[in-house]
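Quick heads-up: structures coming right below.
Presented sequentially are two complexes of chain A, the first with chain B as partner and the second with chain C.
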Partner chain A sequence: MRRIPWTLVVFAALLVVPFIGSRFYTFVATDIVIVSLFAMSLNLLLGYTGLVSFGHAAYFGIGAYTCALLMKSANVPFLPSLLAAGLMAGSFALLFGFFCVRLTRIYFAMLTLAFAQIVWAICFKWNDVTGGEQGLPNVPYPGMEWMGSAPVLGNFRVGDHFYLTALVIVALCFAGLRRIVDSPFGRVLTVLRDNPERAQFIGVNVRAYQLAAFVVAGFFAGISGGLFGIFNRGVFPDFAFWTKSAEPLIMTILGGMGSFWGPAVGAAAFIVLNQQITSYTEYWPLTMGTVLIVLLFVFPGGIAGTLTGIVARMRARPSPGATTVPVSERGMVKPNA
Partner chain B sequence: MFEFSFLFGQFLGGLTAAMFLFLIASGLSLIFGVLRVLNFAHGSFYMIGAYLAWQFVHAIAPAPEGFWLAALAAALSIALLGGILERALLRHLYSREELYQLLFTYALVLILGDLAKIVWGTQQLSVSRPPSLAGSSEVFGVTIPHYNLFVMVLGPSIAIGFWYILQRTALGRIVRAAALDRETLGALGANVGWVYTGMFMMGSFLAGLGGALVTPIKSIVPGMDVEIIVEAFIVVVIGGLGSFWGTFLGALIYGQVLSFGILIFPRFSIFAVSVLMAAILIIRPWGLLGRPLK
Partner chain C sequence: MLEVHGVSKTFDGFTAVDRVDFSIARGEIAAVIGPNGAGKSTFFNLITGHLRPDVGRILLKERDITGAPPHRICLMGMGRSFQRTNIFPKLTVFENVQAAFITHRRRGANFWGLSDRLYRAETDALLAALGLDDKANALSGALSHGNQKQVELGIALACDPEILLLDEPTAGMSAAETRETIRLLERIAAERSLTLLFTEHDMEVVFSIAQKIAVLHQGRLIAEGKPEAVQQNADVRRVYLGERH
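Moving on, here comes the complex of A and B:
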């Protein structure tokens, strides 16, 4: 059976969204695309390297403020601003990560949280630059005039243009992430997750690799934050608050951290659920908390993990006596499975 | 420079804040010390404790000293809530990775926060001071409400009480053993499951008590749960996760840094305490008085 290139199919389907012509669908799709990059960047740490960061919002926030400040206050064009957002977030990830990777487990999580609170406090209180509690409203859309005069795209609204821009950028980032996790470097990261001691025995510099993963994750979180600030038409200190760090964790658990696309699936499910539930009731956190508890107890592999399990079981059926696919406790598919 | 009475007033303000934080953070530290679970929902227990105290005060309004009964009832209700959650759910996550425990307690934050909004709405609520402590005294030119004095005495009393229970009684020996080696304790015939439940209930009781006792000083608002939990984290990290006297020291330091930080950098005192937390984690991850984990 020929393998269907699912990645391209999904990308093509997403390109079609503006043709539906609904402002609402484009809005939701933009949200999903941007936020899934945030969740995917976290999963490089969580699912691949085995590091539980509770302060990933710091890099999202740094990216958002960098991009917004450059575009709004310094009139820098969009692409350089966005790149700067990623680089700035990556640099802070290098600085903070240098200290974080020296700690293990719960202390690592606490230090990432502490650094995120520092970033939040700066955003919240440095009124002259960050606008303090009020944030920075009215971040401009990037100049996308060429799209307005292009043949098919000319009929679309500016929101659609931004959606397509964000989609292409995020797709490029995903391609980059895919290359990274499939590279020898990415393989070493999974070794660090499964057995850091053994990695050390065979001469891997554990901290250097963890730090590299931390920086890459910070860079992509920064890109995601930069895009989100524009999409949201403003950046606010809440972008770096600790509760924001919990969101990509929830999305990753929801989608399944054992597979590459899990966090993106989780982000889509999270945002669609949010849209659906908030149209019935204002008590979205209550629903999300309940969903999260069910996931933790009943489907620890998330959506992707559960589906992979079902598919694997169906494939295994023809040969009676075949054992189940080896899946580790976190619902993580083992590398050679 | 500043006058003495002004500085003394700042010091007392910091001390009052510290004693409240100590009540709450000691519960967090106790739970971490034995169960090795970092409970994000601890702040939610504190908030619900405050709301329940308000509710009970209104239910028994005619009694002049009803506040004390209401505070105790609120704290006991939170202990019960904690016990139920531990028995029914959290218990099953001990063998799993930290991430699952963290996310479980975070799910509780989401659920309890919303439930509080559903039951008590979003407007500010407040409770008046109990009549027996409604007065105030002047010390070195600073007016101190008697209620604040009471809290300043209560904090250390609870600390000494706990220290006594943990270090000098048979029950305390079991608790310390549970923190060191769960399996061996079980093999020796102790019911470790219930020791854990008991510890979780005791920690929750302290959160509920802190929430109930803070109501005469601070008004009850939604969002107080996610704010206090970060403060409590900072306190336990400074002192040392799981260290009882460390938490006490951490609370004292936190209160004073916040209180005097406002004088030096009016805008950046919340920044200063976060930096302090990060610095401690970098230099001494196990905190000022804690011991390194295995």
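Moving on, here comes the complex of A and C:
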């Protein structure tokens, strides 16, 4: 059977969204695209390196403020601002991570949370720069005039233009992340996840690699935050609050941390469920909690893990007697293994 | 090759290793034996940098490695296997061994290459030498205990060590697997002119391949020398071999 290039199929489908002509669909799609980068950046730590961070929102928030401040207050163009958002978030990840990787397991998680709360408190109180509790409203859209004069694209709204811009940037980030997890560096991360003690004795400086993963994850979270601030038309201290850190965790568990695309699938499911459920009932958190509990017990591999498991079983059926272990994704956690 | 000078380690007032002097020459095969709790594993952990000695010095190839972190000692040419099997259970057998090639040859900081293409031939050759070639794509965590021990040996050998420390290499293996492993170890040690230091509870194994034996008892080195001499040593017979005969 020829492999279907699912990545390209999904990317093409997403490119078509503005043609539907619905402001709402474009809005939801933009939300999903940007937030899935946030979740995917966390999964570099969670699924690949075996580090549980409860404070990933710090880097999302730092990226959002950096990009918004540069664009709004300093009139810096969009792309340099966004790159600066990633670099600033990565720099803070380097600083905070330096301390965090000195601790393990729950202590590591609690320290990431503590740093994130410090970031939140600074955003909340530093009125002169961050606007304090009021945040930074009216973050400008990037200049996308060339799209307005381009054929086809010219008919779209500015929201559609931003959606396409964000989609391309996030796709490039995903390509970068994919490349990183497939690289020798990515292999070392999976080795750390599986057995840090043994990793030392194949010559791995465990803390240095954990820190490097932390910085890379922080960089991509910063990019995601920068995009989100523009999408949201404003940046607020809540971006760095601990509940914001929980969102990518939930998305990753929902989608499955055992596969590369799991967190993105989880982000889509999370946002669509949120939209749908809140239109029926005000008990959205209750419903989400129930969904999570069921998922954790019945489908521990998440949505993506369960789907790839089914596909693997269907592929295995035509050739009985073949005793291959179903490999959901090379080098990744195999649920129930 | 390796010299240990007056090394001690105390845990909460309990002296696990007490002023041990020990050395092993290049190419030698030596065993550390002793009853349970004699301090063999602590002794190993001191050499490999997992523990820091309270006093004493450890030299590897005439360079002081006392208190150096494990990854640095590993990169200097020391490999080890652990008493409890210590592999990367959610990676395939191939990936386990390939990862060790990547890290030991310091290619791990490469963010942009493709890991799949690296060291394929080396990994395949090593797996074939270990008799694991048919299991290359199996999940290592799902293998039998004996196979996992072989994977661990593969990981250690991929680091191209000059000296290899094996903590109970045949623990939990059947008699047949034990014989096979010992033959394999002897062959590999000869081929690569490896220096081999191992702990082992199976005396048959010890006396079949060790050229030198060190006996630990309550943290102290009570005898050291050729197998015949150690076997004749009165102290050793009393505290250790005496338990069996």
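The rule we apply is simple: the second predicted complex is superposed on the first by the 315 of 337 C-alpha atoms of A that agree within 3 Å, B and C clash if a C-alpha of one lies under 4 Å from a C-alpha of the other, contacts with A are read in each partner's own complex, and residues count from 1 in each chain.
The rule we apply is simple: a contact is a pair of C-beta atoms (placed from the backbone, for glycine too) under 8 Å apart; a residue touches a chain by one contact, two chains touch by 3 or more.
Keep in mind the model is a prediction, meaning the values are calculated, not measured.
When the two complexes are overlaid on their common chain A, residue A:250 makes contact with chain B while staying clear of chain C. By the document's definition of touching, neither partner reaches A:260: not chain B, not chain C.
Within the superposed three-chain model, A:214 lies out of touch with both chain B and chain C [touch as defined at top].
Judged by the touch definition given at the top, the superposed model places A:191 against chain C, while chain B stays out of reach. By the touch criterion defined above, A:199 reaches chain C but does not reach chain B. By the document's definition of touching, of the two partners only chain B reaches A:107; chain C does not. Put chain B and chain C next to each other and count what each touches on chain A; the higher total goes to B.
Overlap of the chain B and chain C interfaces on chain A: residues 330. Contacts from chain B toward chain A in the complex involve residues 36, 38, 89, 92-93, 96-100, 102-104, 106-111, 113-115, 117-118, 226, 230, 233-234, 237, 241, 267-268, 270-271, 274-275, 277-278, 281-282, 285. Contact residues of chain A toward chain C in the complex are 179-180, 182-188, 190-191, 193-195, 197-206, 209, 212, 324-325, 327, 330-334, 337. Chain contact summary for the complex, chain A toward chain B: residues 46, 52, 54, 99, 102-103, 105-107, 109-111, 113-115, 117-118, 121-122, 124-127, 241-243, 246, 249-250, 253, 283-286, 288-290, 292-293, 296-297, 300, 329-330. The part of chain C that touches chain A in the complex is made up of residues 48, 50, 69-71, 74-75, 79-80, 82, 86-92, 95, 98-100, 102-104, 106-116, 118, 137-139, 141-142, 155-156, 158-159.
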